[in-house]
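Two complexes are shown next, each including chain A; its partner changes from chain B in the first to chain C in the second.
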Partner chain A sequence: MSKSSSSTRLGDLAWSKSPKTSSSLFTLTYGVLVQHLCSSQTPSLEVNASLRKIGQNIGIRLIDDYISKTSLLSPNSPQQCTSFINTSEAISKVGLKMFLGITADVRVDSENSYTLILSSNPLADFVELPSSRSDLQYSNVLAGCIQGCLESVGFEVEVTIVKDTVWGDEGVEVKVEGKGRKKEELEGGFKDE
Partner chain B sequence: MSYLSLLITSRSGGLIFHTPLSPNTPPLQTNDWLRIGSTFHSLIAISKTSVPKECGGMERVVCDNVVISILSTPTGIKFYLVSDSTITSPPLNEIYAAWSDWVLKNPFYEIDMPVRGERFRREVEKICGYSK
Partner chain C sequence: MLQSSSTSRSSHPLDRPLHRRAVTGSEVSLSAFVLLFGELVQLHQTTSSSVPEFEAALSKSGWEVGSRTYLMNANVKVREIRVLGVLQFLSSNVWMSLFNKKADSLEKSLNSESEYMIHDSNPLPTIFCEVPKTLGSFNPSSFVAGIIKGALETAGFGCEVTAHRVEEGEGNRTVFLVNFCREVMEREEAFA
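Then we have the complex of A and B:
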C-alpha cells in the first residue's frame, strides 16, 4: 500500500517536471501517422505490425528516459522492478503518468500476466474507425512501446490491446504476458546449487 | 575539484562516446580510448560474476589522486566518469538524463552506435562545469 502511494507520488512529480504539449496536437499528429500508414490500401494487418514496430522503437529509447528521470527524482529509493509483476506498478503509476499524463488500474491475472486498464484513450480522442478498418489496432503503438521498454530491461513479454475505445469499449485494456527473462552477458559464474 | 573525462560504452561493450573534461586529460589516440572502454566493460562483467551473491558490478575505482565512478544502467549502457579524488557525488544520473534527452530522443541516432552530435557533449561540459 505504501509502495503504491510512493509510486503515485513519483508519477505526479515526474509529470509536473516533464515538458507538456497540447493534447490535440498529440492526438492529431498520431492520427495523421496512422492515416498515412493506412493510405494506399495497405491491409490492416500490415498497419498493425508497423504501428507495433514504431512503438517498440519508441519504447527502446523512452525506457532510459524513464529510468534516468525517476532516479534523479528519488535518488535514495531507486525504483527497481525485481519481479515481472512489479513492472505493472511502474508502468501504470509512473510510466504512463510521466509520458501521457494518465494512470491505469492493474488487474493481476496470474503470476505471469496482468492487464492495464485505462479509463480513456489519449491517442484516440477524435477517432471513429470506418467499417473497412474495423480490424485496425489503432492504439498498437502503445502495446509496442510497453513491449520495447520491458524487453530493453530483460523481460520477454507479449503485449496485446484487448479492449479499445475505438472499438466501442468503455476504456482501453492492455494485456501484458511475461515470457521469462533474457539471459545476461557472461552468465554462469558462481551459482548456488 | 575537477573532472578529467567521460566514457560511455554500449550494451555490447563498444565505446560509443568519450570526451575530455579538463585541459589536463592525457591526450590519447581514439584507438586507446576504444581499448580502455571495452576493458572496463569486461571488468564490470567479471566483477558481477565473481561474487557469490547477485551484484550490480563495480561502481568505483579509487586510486591515489583519481577516482573512476561508474553507472551501469538496467539497459546495459555504462557511464564512466574520471575525476580527481575530491569529487564525492559524481553527477552520473544527470549525465544519464542528458543522454536520454540529447542522444536517444534524436531520431537520427541509431541505438548502440557511436554518438556524433555535439549537443550532448556541450550538455556534459555544462554539467561538469568545463569550458574550453
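Then we have the complex of A and C:
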C-alpha cells in the first residue's frame, strides 16, 4: 500500500515538473500520423504493424527519459522494476502519469500477465473509425510504446490492446504478457576478435 | 441490448465533451509530443524524395491539424469575415489552444497589401530539432505553416503560408509569411 502511494506521489511529482504541451495538438498530430499511414489504401494489418513499430521507437527513447527523471526525483528510492509484476506499477502510476497525465488501474491476471485499464484514451479523443477500418488498432502506438520501454529494460513482452474507446468500449485495456527476461547480446561489432 | 447501445453511444466522439479538460487533463508532456512529432517527420522523410516535397508533406499534415483546431475553437455565432479579425483569432485563440501561448506578434508587410507576418520565437517543432546539413534548407516549422494555412482556409481565407527562420542573436525566431489569395483581398476591399 505504501509502495503504491509512493509511486502515485512520484508520478504526480514527475508530471508537475515536466514541461507540457496542449493535448489537442498531441491528439490531432497522432490522428494525422494514422491518417497518413492509412491514406494509400494500405491494409489495416500493415498499418497496425507500422503503428507498433513507431510506438517501439518512441518507447525506447521514453524509457531513458523515464529513468533519468525518476532517479532525479527520488534518488533514495528509485523505482526499480525488479520483477515483471513490478513494472505494472511503474507504468500505470508513474510512466503514464508522467507522459500523458493519466493513471491506469492494474488487474493482475497471472504471474506473467497483467492488464492496464485506462478510463479514457488520450490518443483518440475525436476519433470514430469508419466501418472499412474496423480492424484498425488505432491505439497500437501505446502498445508499441510499452513494449519498447519494457524490452529496453530487459523484459520480453507481448502487448496487445484488448479494449479501446474507438471500438465502442468504455475505456482502454492493454494486456501485457511477460515472456521471460531478454538475453543480453553483444552487437556483432563488439565481439572479441 | 439497451445496455450495449448506451455504452456505444456514450463513447461516440460527438457525445463526448470537445475539450478534454472535463475528462482528463488538457495537457500531455512535451517529451511525448516531441517524440511523436519526430516519428511523423521521419515517416515523411522516408516517403519524400526532395526537400520541397518533404516540407510540403509536413505542411499537409499541419493543414489537417490547423483545420480541426479552427473548427474546435471557432465561435459558432460570430464568424470572422475580415482578414485582420481572423488573423487575430489565429494568433491568439488557435495558438493558445495548440501551444498554450499567444504568437509573439502579428505584422502587416510593407511590401504587399496581401502579406502578413506572424512572428514566433521557438515554435514547438524546432525545439530539440537539429537539421542535418544534407537536408539544407529544410525547416520543421513548415508543419506550423501548414497549421496556419489549414486554419485560415477552413475559415474561408485562401492563402499560401511559408515559414522562414530568422537568425537573430539568442534563440531562434520564425516568421510565418501569410499571403492571402486575390479573391480574399477583393472581398476585403468590398468590406472596406
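As a working rule, the second predicted complex is superposed on the first by the 183 of 193 C-alpha atoms of A that agree within 3 Å, B and C clash if a C-alpha of one lies under 4 Å from a C-alpha of the other, contacts with A are read in each partner's own complex, and residues count from 1 in each chain.
Definition applied: contacts are C-beta pairs under 8 Å (C-beta built on N, C-alpha and C of every residue); 3 or more make two chains touch, one makes a residue touch a chain.
Computed from a prediction, not measured in an experiment: that's the story for all the values here.
Check whether A:152 is in contact with chain B, with chain C, with both or with neither, and answer first, second, both or neither.
Only chain B is touched by A:152; chain C is not.
Who touches more of chain A, chain B or chain C?
Tallying touched residues of chain A, the top partner is C.
Output check: A:61 vs chain B and chain C. Expected answer is one of first, second, both, neither. What do you get?
both
Examine A:99 and indicate which partner it touches, taking first as chain B and second as chain C; both and neither are also allowed.
The answer is second: A:99 touches chain C but not chain B.
Residue overlap on chain A between the chain B contact set and the chain C contact set?
Correct list for chain A: 61-62, 65.
Using the touch definition up top, name the residues of chain C that touch chain A in the complex.
Those residues of chain C that touch chain A are 7-8, 10-14, 16, 19-20, 23-33, 35-37, 39-40, 43-44, 61, 64-65, 68-69, 72, 97-100, 124.
Touching residues of chain B toward chain A in the complex: what are they?
45-46, 48-52, 73-77, 93-94, 96-97, 99-101, 104-105, 111
Given the complex with chain C, which residues does chain A contribute to the contact?
15, 18-26, 28-33, 35-37, 54, 57-58, 61-62, 65, 98-102, 120, 122, 125-128, 141, 165, 168-170
In the complex, go through chain A and note every residue touching chain B.
60-65, 67-69, 71-72, 75, 80, 152-154, 185-190, 192
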